[in-house]
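Take a look at the structures listed below.
The two complexes that follow have chain A in common; it is paired with chain B in the first and with chain C in the second.
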Partner chain A sequence: MASAGVAGEPFFALPFGDIVNYFTPYTAVLFGFALLFTLICILSRPEQQLDVVFGTDAYYAKGVTGKELRFRRFMSIACGCATMAAMVSGDVFNFTLFVSMVGVCIIGIVAAVKSRHVLDAAYNYGIIAIVATIPLFGGAAITLATTGTLSIWELSAMASGMPLIAKMLIIVGVMGEGIAPFYAAKAELFRAPGAPYVIMIHVSSLLMFLRVVEILLTV
Partner chain B sequence: MISGYIIGLIVVFAGVALTFSAFLKERDDVHKLILADLTEIAGLAIIALTATDLAEALIIPGLVVGISELLAVSEIYLTREKLFFQPEKLFTIEVMDSAPGIMGAVLVIFGIILSGFTGGAVAATGMIFYFLCKGHKERFSLVETVSAYAWVLWIAAFFTFMLAPSYWFFGVMMAGGAILAKVVAKMSLIGAMRGESNA
Partner chain C sequence: MIGRLSRYLADIDNLTTVYAVVVVAVAAFGILLLVVSPLSYEEEQLYPKSIDPTSPLNPYERGGDPFNRTEVLAQYPENSPYLGYVTSYLTPLSAFFAATSPYMGTTILTHPGGIIDEILYNTRGLDTVAETSILFVAFAIASFLFRREEE
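Let's look at the complex of A and B:
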């Protein structure tokens, strides 16, 4: 990379043609976080939510068991893998693809929950996530059309870099996939029981936000 | 002078604006989902406007992610509305009794001749039509398995391109056949799997 940018000097790069996947201190830390949370999802058992019946000593236990547990664990691991890939991707289009894939996996994590409130929130989030693919892919496509490359590595070396409109589209797209202001739709999803899996929804949004900032400051 | 690319972009974004205005008025959830799918197509059109080989290669992953999002959200809708059972009254017209055999066969054979992704889609349309008309009691886990092995063959074909480029023709044939089988198997499951025990 021509300039180290905000991410520091890259200490490992894996080139596929002009697409270079790279680890800088910044992306390596983000990758490490995603890996850690994926491991937690693999190894830990889900929480049990308890609802106390108001005015009495009775309570409901809302556990996650059996088929639902396996499905949600699988989806959260898939979400972790997509997040890890988005963290190290050296290609703008691959990044946008993985961001959309994180969106799909997030819907999957709460799809098996029976609560209508959570399903309503998931439905609305899903609609926003689908619509957000236009600015995401649009930003990547406009970058390709104007600069002739999608490689973050090459874009950072160019004097002109990514056009401003493409940057704006990508940030709007990532917003739609789950950072503020659209985070409101996602926050409701946390009411679903099953802590480590549901926390993956939050972690993936946070990491996507940090990574998109790095990409937009670099290119 | 404004280039064709800019004109194309303006047209697509006008289409997107139109869809968004429809979103503002629409209250029905299923219709919202269909509108979201329409906007997805606008996203693919923006990629297609680049009009290079690379853009063509980007459309398929874009399409796949879009379809998987659509499937995930429809699944949420089904769970929320508790639509787990096969509808009692199915759609029937006369052509569905007389045509499925010949139509299915023609489409599958034409698809095999076309081969590749397009052929897979054509052949799968034939199979979906057949299943739609004749009902289905097949072993879907077997179809899934075929699809998975076809995927493995497809990946093997890519490794052939990378590791032994001189065998490119073998690789092309393998990839064309495998993607045909994969797309047919996957698409023929659409609307056929409704959570049965063998699904």
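Let's look at the complex of A and C:
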């Protein structure tokens, strides 16, 4: 059952039936990073943005308070949990599920913001994220049909492994959920106030990118 | 040229178009690849699926008798001690639907408290949890936005 991929020798496996999450030095570091950031989101208070009116002493303070604060904190914690699960998932379909959950949570983080520009960007991002689920799950489906299994460990041990088209579909799907060049919509989302929550959007994309590279090199 | 391209990509209104082009290009490449070297279907499937049109749970019928053991394949049988015992779960209302009409398969699955999706013989339970979590996150966002209008 053990197979060392690019991520190194697994030192701990967490089985859920056929879905075996594994902690290699690589995935454990990514998991730890996601966990750390989720803790920051739980404990930290949000930033206060100040817009200074040019040439005068006037300024606008944009705070995140009340229900909006609670909802955005909840969504960023959910995003952190989904990212953590995606980092250690040892199953292709489970990974794609958590990637799409990250996409939904990212829309949730900015859904409470009352800024037309940010909501426009979130709308565009939402459309891409929804469309991205088709190649994402399509890749997993083709993998299952052609190999008969979804376990990353089994796929890495196979001579044929995952077909090229399935790999391409999965990478296109993850790109749509937030890797360059489709990152522009997410970059606009950062204009929303509330720093630790908004930065969760960035952290989850970065970690997803690192993880999908590992999966595609392993299988 | 690069400047023009980056300006085009930086406009968020163009992103959906660019993404659509990329998806279509990959799909076209995939079709070409299938013509050149067809992918073969693996006969030894871990999660086989057969459709029984006479079953009221069609197309979600997983087979097997309730409270009896059914032969089921698993990737790691050592991780599923109750393999073959759990096939699906019907609430009383779902059982009523199933007994009443043979055309309610999808309704049984989607109404609240129905089968929370296919439990797939106990082996892929985490998928079921993750799928439902996505649904609940979407519900949370929708209800927050809906209730915000009342403030």
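The criterion applied here is as follows: the second predicted complex is superposed on the first by the 213 of 219 C-alpha atoms of A that agree within 3 Å, B and C clash if a C-alpha of one lies under 4 Å from a C-alpha of the other, contacts with A are read in each partner's own complex, and residues count from 1 in each chain.
FYI, a residue touches a chain if its C-beta (ideal position, glycine included) is under 8 Å from a C-beta of that chain, and two chains touch if they have at least 3 such contacts.
On a predicted model such as this, the values are computed, not experimentally measured, just so you know.
Chemist: Both complexes share chain A, so when I overlay them there, do chain B and chain C fit or clash?
Modeler: Result for chain B and chain C: clash.
Chemist: Should A:Phe71 be classified as contacting the first partner (chain B), the second (chain C), both, or neither?
Modeler: In the superposition, A:Phe71 contacts chain C only.
Chemist: Have a look at where A:Arg116 lands relative to chain B and chain C in the superposition and call it first, second, both or neither.
Modeler: first
Chemist: Quick one: classify A:Phe93 as touching chain B (first), chain C (second), both or neither.
Modeler: Both: A:Phe93 reaches chain B and chain C.
Chemist: Please determine whether it is chain B or chain C that touches the greater number of chain A residues.
Modeler: The partner making contact with more of chain A's residues is C.
Chemist: Would you sort A:Ala141 into first (chain B), second (chain C), both or neither based on which partner it touches?
Modeler: In the superposition, A:Ala141 touches chain B alone.
Chemist: Identify the partner contact of A:Ile130: answer first if only chain B is touched, second if only chain C is, both if each is, neither if none is.
Modeler: In the superposition, A:Ile130 touches chain B alone.
Chemist: Counting only touches as set out at the top, which of chain B and chain C does A:Asp51 meet: first, second, both, neither?
Modeler: neither
Chemist: Under the contact rule defined above, give the chain A residues that sit at the interface with chain B and also at the interface with chain C.
Modeler: 93, 97, 100-101, 104, 107-108, 111-112, 120, 127, 131, 134, 142, 144-145, 150
Chemist: So in the complex, which bits of chain A are touching chain B?
Modeler: On the chain A side, the touching residues are 93, 97, 100-101, 103-104, 107-108, 111-112, 114, 116, 119-120, 122-123, 126-127, 129-131, 133-134, 136-138, 140-142, 144-145, 150.
Chemist: Which residues of chain B touch chain A in the complex?
Modeler: 5, 9, 16, 23, 29, 32-33, 36-37, 39-40, 42-44, 46-47, 49-50, 52, 54-55, 58, 61-62, 65-66, 68-70, 72-73, 75-77, 79-80
Chemist: Going by the contact rule set out above, which residues of chain A touch chain C in the complex?
Modeler: On the chain A side, the touching residues are 1, 15-20, 67, 71, 74-75, 78, 82, 85, 91, 93-94, 97-98, 100-101, 104-105, 107-108, 111-112, 120-121, 124-125, 127-128, 131-132, 134-135, 142, 144-151, 154, 163-165, 168-169, 172, 175-176, 181-182, 184-185, 188.
Chemist: Which part of chain C faces chain A closely enough to touch in the complex?
Modeler: Interface residues on chain C, with respect to chain A: 9-13, 15-16, 18-20, 22-23, 26, 29-30, 33-34, 39-47, 74-76, 79-80, 122-127, 130-131, 133-134, 137-138, 140-141, 144-145, 148.
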